[in-house]
Amino acid sequence: MSPDQSNPMKENQGLVAFQLSKAFGENLVLQDVSLIFQRGKVHAVIGENGAGKSTLMKILGGYQLPSSGTLALDGKVLHFTGPKEAEALGIVLVHQEILLAPHLTVAENIFLGRELRIGPFVDDETMNAKASALLSNLGSSLDPRARVENLTIANRQIAQIARALSGRHDFIIFDEPTAALTPVESEAVFTVIQNLKDQNCGIIYISHKLDEVKRLADTVSVLRDGKLVAQQPANKLKAVDMAHLMVGRELGALYPPKVIRTNSEVALQVENLIVPPSLNNANFVLHKGEILGFAGLIGAGRTELFEGLLGLRPATGRVSLGDKFNSVFSSVAAAAKAGLAYVTEDRKGKGLLLNLELTPNLTLSTLQQFTNAGFIQHRLELAALDVAFSRYDIRAKSHDLDAGRLSGGNQQKLLLAKTLQADPSIIIIDEPTRGVDIGAKKQIYELIASLARSGKSIIVISSEMPELIGLCHRIVVMHRSQLVGTLEGSDINERKIVTLATGTEKQAA
Amino acid sequence: MKRRNFGYAAAAMVAIATGAKAEDKPVVIGVSIPAADHGWTGGVVYHAQRIAKAIEANYKGVKVIVKTSPDGAAQASALEDLTTQGITALVVLPHNSDELTNPLKKVKAKGVFITVVDRALSDPTINDLYVAGNNPALGKVAGDYMKANLGKADIVIIRGLPIVIDEQRQKGFADAIKGSDIKVLDSQFGNWSRDDAFKVMQDYLTKYPKIDAVWCQDDDMAVGVLEAIKQAKRTDIKMVIGGAGMKEMIKKVADGDKLMPINVLYPPAMIGTALELTAAGLVNKIPVRGSYILDATLVTKDNAAEFYFPDSSF
Amino acid sequence: MNFAIKNQFSLKHAAPFIALIGLILLGSLVNPHFLSYSNLIQNVATRSSFIAIIAIGATFVMAGGGLDLSVGSMAAFTAGTMILFLTANEQDAGAGIIALSMLLALAVGLACGLFNGLVITLGRIEPFIATLGSMVILRSLFTYLANGGSLSISPALKEIYAPVYEGSFLGIPIPLLSILGVGAVAAVLLYKTPFGRHVIAVGSNEDVARYSGVSLSRVKVLTYMIQGLCVGVAVILYVPRLGSANSATGLYWELQAITAVVVGGTLLKGGQGRIWGTIAGAFFLEIIGNILTLSNVNVYLIGAVQGVIIIIAMLIQRGINRR
């Protein structure tokens, strides 16, 4: 389905990109990429972080101009000067980040900036009715009067899609729409996409989740280093093939082999931990050298459990690190002193100072290591950054970049490096690979496994079941603020996790 | 210069407590004045409280409630509170004429005897009694003195804030020196503040190599002017004339300070004059209605002792 | 803020200094006396010391994401306490008593800052409201101390104390030396210590700081205490100038300090602090006033010209930063 090279603009229906290139300074991020997107089809674009996907999407959505090359819609050449023009032609981009005003209702958000009016007054009734129609058209029964702050992440994503689709929409670009969703929650988004496809919309789908791509897409295009390296029908590709095409080499097994634990020494024991209102009475142990998984739906209380344990939320309970029991930690600093470290799931909101450079981020939790007589030694910090760059394979154009300018995978590696700077013996990692490309994912898995091999004890909280199954020695499953079961050995499989996590255990048994 | 002041709430509570004690229809005089936001208003507060005590001691059965307000809006509410307590007469130094004319009209409608001090209302029929200093004369007396004593001279002026009082003083001064050999080099605002006057004077000294005299219309600003001259070690300035009768400045005049030969009165004690007249009118039934314009008295070495109140805050 | 050496000389960081130089050039065109030692150093730099030093403290507060509106009233209250102390010990007038009164000023400033910090952290009250409250409280306490009028030290004491404002060392006025000294200490504290780094982290993103094990309360309280200490230093320089304080003392200083900090390149929303920029900002503001008095701008329009110059300076700075 490459565009007809002789006269690509005139003869192809649909949205055509022809020999697009984009350079930032000397940095060529997109080279001679030609693609055709057709109505009624789902066309997935995959690639590692930095492969040029977002640049391509921004050009298609009118947010950026190409350095060279042409765009055409149904044979007409396009010259966008901004996203408004693209939207007017029915090309809309659904952003990955949720960009809604939390205190407004769903309908108010959908019509934000283009409110329907009666004279000078806002016409809430019509807007609610239209929003309702729009949502049901997408296969959602979301109440347009609900305030966004009270919605689940999945429903916020739906609201965001509805907002993008409130105008004309022939071609819709989805930028990782399920990045923040659990597999169950993602289903709602897939339904929406299926509905749109049935309505003859062209879907351009970007995702790191290759199983989703496999399931949804008709065609898969693979970008690597700004170039189109492959384009094939989705039914001819397996997820593992896609991964190979993306990284351009044999990836090998995604998950490192599990090491059989021989040491049964308890590293951490938690008893009667209560974090109101998110967690009732949790009890569990973590062994030395173990990777313990925590599975569950969003809202099951997984993150809250560990935030309570570390003094980030009010909590009660008993915690022991070997010899004697104490109450929960009073602060992150107290936990760090005891050798516990927590890597937050919210990298941008709670993990990194995006407007600061890499060094202050790396050393924030461990500044004492870098002082001499109370003064920070910048030289030591830079040396530590060099070490972190090579140890964790962090890739950045320069060392004095702001953290916010790194790609998701490199941000995650920086966050891990920051946490490990304190050399903790127990490491709790919440969503270790959220929004991270496949290459970086593999590196993070290897890092986790090697930490466990070296005797560290690790807790992994994740919404991605394959990740937990591939990494963990044992998996604790949570459902509605309770620990509902622990799986081990051959019991670790997707079906068991899902039945426990959704509370359908009884019916299943 | 406007600042909210929690002190006002406390004052209101005290006032309510004392007001409640009143029996068999005593004469109650309410006094509403600005809070002490600069030296002169500080003096007003001091004298209001001093004369209030004296009146309560001298006239049997007369109660005086003094309330201070940080700005015009607060003063309007204070007036309502005072009226609710049932006052017979009100002595008021309004923050500004425009904002308070209507609230005072309402007080008047309740049959309260109204004495306005210093700042005239937009509607002069409201006040039964009007007591004020003479702003144009404050400028004129200073101007006359300079005209008589300087001959050909270059002077600089530091004004207060751009409000009516400042304008009247300025005009009085300008009229007085008309036709003389006095040349006004510059005229800038010092906001009736010592610190701001200090800055303006420093800059004048940089800008003009020779200055014969400074007129700064207010003694607070004179403090800053004198300090700037002293620090610059300039000897060309022959006189600095302020005004309003601040105790430190009156003392300088009395001591024969060369730089400060005179002062022109614009006494904050005029609030006392108004209080005494009001009380006398109500209790002794003597006719007091009318306007009283106090002289802008020229204070010299010879009469300074008369106007020196070492205990006043101003 | 800058962590990398090479960034230190970037255009972005130089913006406030470029603006300052531009203004000085403008001044030299307006009046030939402008570029003189007595005007620029003895008068302008010296009298900008109060705002400059207070603004250095405000740089910490604002870099940490806070705000302190009480500094003007705090200065008046501190000056009042200091003057009362000096007056009470008049019979022992001498350098010893003056030194003691300086310590008192620092202690009072520190205590006021501690109060602000605790109300904001323990009381969980927005800095704007908390410090607006202490602004009114401290102003009222000063009025009470001064009995509604002014407080002055005796001429004899003033004579002894005056050199602290008027004196100079190697031709540099003591207030200017104080600015540079306080600035140097502040720069080391903000750029070279874990505490300073924590201030930036808290101002940049409180959650990230908390999740990284930084104690938000401790950091915030300390920034307000530093602010209080800076007010104390400013008062030590202020009292010997006129030897008195009255209700106009410190009026609008909070606005001037905040303006100096922002003109100096620190963001109002926190997460970044520029000590030397702040000092340049304070000079900038004082020089505008000086130039306008030295020029022949219509006296009623001075405020407008002042505002326009500040806005132009900020626009240029934003323009440079956007590149």
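The first chain written gets the first letter, and so on, giving A, B and C; residue counts start at 1 in each chain.
Note that a residue touches a chain if its C-beta (ideal position, glycine included) is under 8 Å from a C-beta of that chain, and two chains touch if they have at least 3 such contacts.
Computed from a prediction, not measured in an experiment: that's the story for all the values here.
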Which of line, ring, star, complete and other names the graph you get from chains that touch?
line
Would you identify the chain whose C-alpha centroid lies closest to the centroid of all protein C-alpha atoms displayed?
C
Taking each chain's C-alpha mean as its centre, the one farthest from chain A:
B
Could you work out how far the Cα centre of chain A sits from that of chain B, in whole Å?
70
Once you find the CA centre of chain B and the CA centre of chain C, what distance in Å lies between them?
33
Using the average of all C-alpha atoms in each chain as its centre, how far is it in Å between chain A and chain C?
45
Any chance you could list the residues of chain C touching two or more other chains?
none
Would you mind writing out the residues of chain B in touch with chain C in their complex?
1, 3-7, 35-39, 41-43, 45-46, 159, 162, 187-189, 191-196, 198-200, 202-204, 206-207, 220, 223-224, 227, 231-232, 248, 312-314
For chain A, which residues are in contact with chain C within the complex?
312, 331-333, 335-336, 342, 344, 346, 349-357, 359-360, 363-365, 367-368, 371, 374-376, 378, 381, 399-400, 418
Listed in rising order, chain C residues that touch chain A in their complex are 1, 3-7, 188, 191-194, 197-198, 200-201, 204-205, 207-215, 271-272
Note: in the complex, chain C contacts chain B through residues 31, 33-34, 36, 38-39, 43, 47, 136-137, 139-140, 143-144, 146-150, 152, 166, 241-244, 246-249, 251, 289-290, 293-294, 299-300, 302
